[in-house]
Amino acid sequence: MLEALKQEVLEANLMLPKYGLVVFTWGNVSGIDREKGLIVIKPSGVEYDQMKASDMVVVDLNGKVVEGDLNPSSDTPTHIVLYKEFSDIKGIVHTHSPWATSFAQAGVSIPAAGTTHGDYFYGNIPVTSRMTKEEIATDYEKQTGDVIVRTFRKENINPNDVPAVLVNDHAPFTWGTDPKNAVHNSVVLEEVAKMTYHSLQLNPHNIEMSQDLLDKHFKRKHGANAYYGQKTK
Amino acid sequence: MLEALKQEVLEANLMLPKYGLVVFTWGNVSGIDREKGLIVIKPSGVEYDQMKASDMVVVDLNGKVVEGDLNPSSDTPTHIVLYKEFSDIKGIVHTHSPWATSFAQAGVSIPAAGTTHGDYFYGNIPVTSRMTKEEIATDYEKQTGDVIVRTFRKENINPNDVPAVLVNDHAPFTWGTDPKNAVHNSVVLEEVAKMTYHSLQLNPHNIEMSQDLLDKHFKRKHGANAYYGQKTK
Amino acid sequence: MLEALKQEVLEANLMLPKYGLVVFTWGNVSGIDREKGLIVIKPSGVEYDQMKASDMVVVDLNGKVVEGDLNPSSDTPTHIVLYKEFSDIKGIVHTHSPWATSFAQAGVSIPAAGTTHGDYFYGNIPVTSRMTKEEIATDYEKQTGDVIVRTFRKENINPNDVPAVLVNDHAPFTWGTDPKNAVHNSVVLEEVAKMTYHSLQLNPHNIEMSQDLLDKHFKRKHGANAYYGQKTK
Amino acid sequence: MLEALKQEVLEANLMLPKYGLVVFTWGNVSGIDREKGLIVIKPSGVEYDQMKASDMVVVDLNGKVVEGDLNPSSDTPTHIVLYKEFSDIKGIVHTHSPWATSFAQAGVSIPAAGTTHGDYFYGNIPVTSRMTKEEIATDYEKQTGDVIVRTFRKENINPNDVPAVLVNDHAPFTWGTDPKNAVHNSVVLEEVAKMTYHSLQLNPHNIEMSQDLLDKHFKRKHGANAYYGQKTK
């Protein structure tokens, strides 16, 4: 069942240690088959170097395990909310990658300070509000998804244009057009967080790039008029 | 004598360079056989790449060498105090890992700033008071253990819930349910120290997570109602 | 056509991941044949581990592709401006290397704070002014070259003496006497940016070295009286 | 001639890239045969991965090349001053290792902030005064040695107790009982600089350890009453 997607999700999970985004088992990647409405996700608390494609767990959009011998990631309810609400995305990553997590712990969003950011994220990477006692008490992992979605709605951000978020006091989630693209965005997020941390120490004021430059770089790589890479030849 | 524990302690010691926690010989791991009341510990000043299980030194709870040709770690009296006073622990690690040591040198405790911390440490990681002239003068390494224990009593911290401490002007100790678990906690401590250092530079105020979120994350992984990983299936 | 230069440009491009200057495809190196007036440059958006010498693209100084099946780097117009205006240089590198980019994002030039800097760069490494709406709107990549050239003219800097620049809100460019020398300067720039960032945190005032020391170190390695290395024996 | 010392100096030089202390050729190690009054030193500007023992250059204490086809390191006159003035040392290292160089560029000495420091350096690691126009103009490399020696005399520091110095606006020198011991001290200096940099950011005040703790740790490893390691058994 969904063997190709399982393999893809396995490989995307193995990219996390390769790119230095995780310590131990602190991260998970999922992918979705939109037609079947089924999610493939990493099992909870399993070491990366022992995982096989057949360990991947299949769950439906109600969180019911459809196939698999292992518990799915404890963050599965967060993934489900995001797949339901962000209807174009087909892969999700959660890590505690250190630079992005440093911003999340500080409750500080990542300003769009340069073209590296603008090539991938069309605006600041938002941090959610802190979760309330009530949100923590019941269905915590689902509520984590809800607070992400509320942040994007309130700040009027298109999740396809800014495929990353910082959950306050916690860590980042990223997403993308498939599981590996979501990991790619995680790598970029970490690099951008690292550079912008240092830019903020050098110059705490006036760090954001102009809207013109942001438009230029994002649209150079995305949308109908993109001309970066080999695609448009 | 205690061959399995020696092998376990050797392997735990070899994890220190693997995870980048030590330079040269700056670190040691021990384990205890609670029934026999015997500790197995790394010899003093020996290179990691030359150590064998048979080099591990067996000492009793009075610090007497029971077996072994080499001097035990000079920090052995500190380990002994901790094993005596923290009755559930079965492994101890001492390193000068750079991020945790930066906090220790600064005399600053590590606030519980996010869920990475809360998954492992149920509250701030305390820093001891500075050692006095008298404590340094006599039985210094034993007194190092005493100042750790006094810190946990004074701040009313359960060492099973916060398996790490920063010795002021010195470096961290961690412990755990066995030697490798203690090393695991050392790796997490270093990662948490790194991230929280950067969070504090981004936002020096109001960095601590809520007690509700701390409860949620710690208890998600520890105690009767834990549901993280594969254990509860 | 230009097979030797293609090989040289390929090897110079492969130095970028080797020295940790790039993530994914974020960087490009070119070289020029001054007699023929032809530039060899990396293709746009191609992975380093898949590139062959035959993938390198040959363009003329009007930006016309003379040979090659792939699109040249989208930064090609910037390279062309620099080759035209800085008449001695024969290799150019663009990366988003993290330390130099942190200064570029902050809009802060890198002061000549020590002899490591003075051995390679005869004065501060300048940051350009921010690009205007008009510069971004039309021929953006060419205008990026123009703003670099204007910066060197306005600050009266000889590009042979300071073979690096920070484009504001963007990232560095470096150049040199050939493609590998330009990469060498990129590596030095990154190391200098890292060290001077930390020096500025330790001591934000009075960080610049004396003109005498700068003269001494730069001229120890460059020009008629150089005596560093084996060349003068 | 001095074949064993050449091999030792070669191996010590190769430790520099191994421990991440150098980029390109930015570093050199020498050793001395005190009886013969001859120094063996790295040639100037030669790549580490191509160096052979036979490339090492033999110079006398007047700086005259006694054996060797290559130019000796341009820093040779600095080494000579240190060997003449610090009569117990038998190995010297110069690098631009990034953390120590960050302090040197900032003109800030490294305070003895913790036991890692105290295990190796009996007090703060001094920074020299800035070199004057006159010192730079004539015999610059010899004058660099002189300014180091003056710093130790003026601050009344025993070079055997503090085997490291930061040359202002430049970078560190370390020394030791033989070439590899000098490299060992370079590695420790870099680790201590890194940690104390971060401690100073966390707590800029009152960072120095007590004299009692410094005495305890330094003397635990050095002198007649040392008890660290296996030597005293």
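Order of writing sets the labels: A, B, C and D. Residues in every chain begin at 1.
Throughout what follows, a residue touches a chain if its C-beta (ideal position, glycine included) is under 8 Å from a C-beta of that chain, and two chains touch if they have at least 3 such contacts.
No experiment lies behind these values; they were computed from the predicted model shown.
Shared contact partners of subunit A and subunit B are absent; no chain touches both. Centroids built from CA atoms put subunit D at 47 Å from subunit A. Each chain gets a centre from the mean of its Cα atoms; for subunit A and subunit C, those two points are 33 Å apart. In subunit D, the positions touching at least two other chains are 200-201. Every pair of chains meeting the contact definition is listed here: A-B, A-C, B-D, C-D.
Every residue of subunit B that touches subunit A in the complex is listed here, in rising order: 113-116, 184, 187-188, 191, 194-196, 198-203, 206-207, 209-210, 212-213, 216, 220, 227-230, 232-233. Residues 23-24, 26, 43-46, 70-71, 74, 96, 98-99, 101-108, 130-131, 133, 136-137, 140, 169-171, 197, 200-201 of subunit A are the ones that touch subunit B when the two sit in their complex.
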